[in-house]
Amino acid sequence: MLAPSQSENVPATGIEASLDVRDLTVVYPNGLTALLDVSFALGPGTICGLAGPNGSGKSTLFKSVMGFVRPSRGEVRISGLGVRDALKRRIVAYVPQSEEVDWNFPVLVEDVVMMGRYGHMGFLRIPAAEDRRQVDLALQRVGMSRLRKRQIGELSGGQRKRVFLARALAQGARLILLDEPFTGVDVKTETAIVALLRELRSAGHLMLVSTHNLGSVPDFCDQVVLLNRRVLAAGPTAETFTQANLERAFGGVLRRFRLAGAELHEDDDRRAVTVLTDDERPVVFYGERGPEQSPAGSARPGEEP
Amino acid sequence: MSELLVPFEYGYMLRAMWVSALVGGLCAFLSAYLMLKGWSLMGDALAHAVVPGVAIAYLLQLPYAAGAFFAGIIAAFGMWGIGQVTRLKQDAVIGVVFTAFFAAGLFIVSLYPIHVSVQTIVLGNILGIADEDAAQVVAVAVVALAILLVLWKDLQLVFFDESHARAVGLNPTALKVVFFCLLSASAVTALQTVGAALVVATVITPGATAYLLTDRFGRLLALSVFIGASTSFIGAYISYFVDGATGGVIVTLQTLVFLAAFLLAPKHGMLAARRRTRAAGKAPTP
Amino acid sequence: MTAAMSAVWDLVAVPLAYPFMQRAMLVAVLVGAVSAVLSCYLVLKGWSLMGDAISHAVLPGIVLAFVLGLPLSLGAFAAGLTCATLTGYLKENSRIREDTVMGIVFSGMFGFGLVLFTKVETEEHLNHVLFGNLLGVTDRELAEIVLVSAGVLLAVLARRRDLLLYCFDQQHARAIGLPVRRLHYGLLALLSLAIVASLKAVGIILVVAMLVAPGATAYLLTSRFDRMLAIAVLVAVGASVAGTLMSFHMDAATGPSIVLLQAAAFVGALILSRTWRPAAAPADPVGSA
């Protein structure tokens, strides 16, 4: 469990996390419509997977939530507040993609986590005892205390990710945006990150996770938004993350193969296995025809489905 | 009316206009590649880096172009080498190298004064160019343009997709070396027309302007060369009436043409983008 | 002993007996220190050539301010900011890359400034703007440099953590509600201010060099930002002192001498960082876990 903050210096903790996107349309100056009438709503204690092919507007959606791009139409409300106000109250944290970070930057692990506290500090950003305590706590929670004096480039992929999660924790954010957190991360680390996300969920955080790893979505997401410029489906994973919806969202982009009958069984069981993959981690549907089925689970290559 | 024709009556003006146009065209040709590759400031860097070469060449009474070219190649090699062995960002490496070279040039000149003033090197003086210098400019520019006309498609491929270029049997490293030699050469020629401080404009602005006007590389090249050559010709002509500062006039013209394209380009201009965004905001587009 | 003493005396004390040398060294040290601090941020942000751009772009501002009878520094500052703002605006509204836009804007402004310059007779010598005149710094210029340097230094040091965060991760800076736009333009304004104050004394080329080399040198030697700041300032101040003395003894131009020494320091750091490895970060220092 997240240690409850004893300080009044953390206004975000009193706020219930929610994200409400209504009719969001974003058109870039070059005429490209990145998002069209996107609407969905998420409440506290949720892990929501955001899936869609490349160029489907996932990063534009993130940018809109953080106020980087101005919507042509529609709006984003975070915990009932406009984006600007929400940012001012430090409700939103962002865990960047690995490629976005300059790993040669001369900062240590603890410096990065301390950056989560800047919004809480005074004019000169001199850390108070409370800030140091929150940083210690956050580092402990992600298991990175031992490496706090390392320069960030000296960490492994999974450790790097945990540092940025620690920063979001130190910040006391309620809505955490994770951009492709599992890219370039081994399975063991992924499990550790997912465990951490689950813990945050029980502490009432709301996490929006964009991911290519379709296979892991049913593992840890309780909500899913399937995006391809429009919202193609949104809702609880069990109802939304279906083969039919996925094929609609990804069009012909996904590799799809189906194993049935003799290929799969010695007996005459009529059920078939359908594998959908964008070549990273496949999602497997198990059943008679597939389309109307809900996901039966995920599989990793070389593992039991 | 006849006053406007006066510049055409002087041999030195005619020469200045034609030489400027030639150099402007050459630089504009290269600008199309530089701008797309994100090497825009390489031109600026090389133009400054050639200065010690010019100083030494004048001191030893060698052809200025040879010295400048040599210094440019050393600088380019230095930038590449330092980039290979450090994790510094490319712009920082460029910055360190070219300022050091330029400073070395000024340092040498301050110790051993040469007959050409530093101001001429930095600001150019095409109206008062010496005959042998003009001959060097024309020779270098013609050779460089000829090479470009032969290699332009190969260079396009290398800059766009290096692995593909390698796959079809081109040698990207060799072509890049050729390209930087050409860039050095064009910086050497532009030193005379617009001066070291303004070479950067001639090797990026025409290409960027053309980039706003077309999506096809062949047209981009043609348009860029046309813009570069015509603005240089007209700029040299106008500079007759404003008593010098040829480089300043040429670059001001090029910047104005760029700004016009920025505002008015049919597809990639700002006004066109405004219209599109507004239309999209009003009614849902499929 | 006495021989060594008198050698030092000749090397250092003789030049410093001249008031103009004292002033030159003071200015070189001040400008060097301020530029060094800024250079650390510029190198990390990927803005190394921003100094180049702004220092060229101030020219039309100087001429126009002269025509309008305003203080030249004001015109220069306004022009520097215009360059930075225009670059941002053009980049956001077109498909052209930032480095290209920057090159177009600053060269265009410099070219325009040159045209204006030939039409208007100002009291500034173009040569001084280009190459500086460190040995001819007037009292007024000195006062201006001291004032601006102190101001810029204070402002940067007070906001150094925010600026670092801005350079490191702009999205996080925005997510925690930092005024990213204000930091962006604030950094550019401080940069313009530093350039304007030092331009007349040390010239464009020296300013540009000083805004890259010290930060790049320090970056090679450390992976901690606070140390990077310290090393950069040390390198810059050392090069300023040694360069001023060197130029006196060799009768060479002062600005280029300083730049060459900075470049030498960079090369030294390069070799050092390639050959000498610190006893690789103490393995797993005991944490609080």
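For reference, chains read A, B and C in written order, and residue numbers begin at 1 within each chain.
In this section, contacts are C-beta pairs under 8 Å (C-beta built on N, C-alpha and C of every residue); 3 or more make two chains touch, one makes a residue touch a chain.
Keep in mind the model is a prediction, meaning the values are calculated, not measured.
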{"item": "Chain located farthest away, centre of chain A as origin (C-alpha)", "value": "B"}
{"item": "Most heavily contacting chain pair (counted by C-beta pairs in contact)", "value": "B-C"}
{"item": "Most central chain, Cα average position", "value": "C"}
{"item": "Chain centre separation (chain A, chain C; CA means) in Å", "value": "41"}
{"item": "Distance from chain B to chain A - Cα centre to Cα centre, in angstrom", "value": "46"}
{"item": "Between chain B and chain C, centroid-to-centroid distance (C-alpha), Å", "value": "26"}
{"item": "Chain B, residues touching no fewer than two other chains", "value": "268, 270, 273"}
{"item": "Multi-chain contact residues (two or more partners), chain A", "value": "29-30, 104"}
{"item": "In chain C, residues with contacts to at least two other chains", "value": "93, 95, 219"}
{"item": "Chain B-facing residues of chain A, complex", "value": "25, 27, 29-31, 33, 36-37, 72-73, 104"}
{"item": "Partner chain C, residues of chain A touching it in the complex", "value": "29-30, 66-68, 87-90, 92-94, 96, 100-102, 104-108, 111-112, 115-116, 118-119, 123-125, 136, 139-140, 143, 145-151, 153-154, 167, 171, 173, 177"}
{"item": "Residue ranges of chain C in contact with chain A within the complex", "value": "44, 92-93, 95, 158, 161-162, 164-165, 167-169, 171-178, 219, 222-225, 227-228, 281-282, 284-289"}
{"item": "Chain B residues touching chain A - in the complex, by the definition given at the top", "value": "87, 268, 270, 273-274, 276-277, 280-281, 284-285"}
{"item": "Residues on chain B engaged by chain C in the complex (per definition of touch)", "value": "35, 38, 40-41, 43-44, 48, 82, 85-86, 88-89, 91-96, 99-100, 102-107, 109-111, 118-119, 122-123, 194, 197-198, 200-201, 204-205, 208, 211-212, 242-245, 247-252, 254-255, 258, 262, 268, 270, 273"}
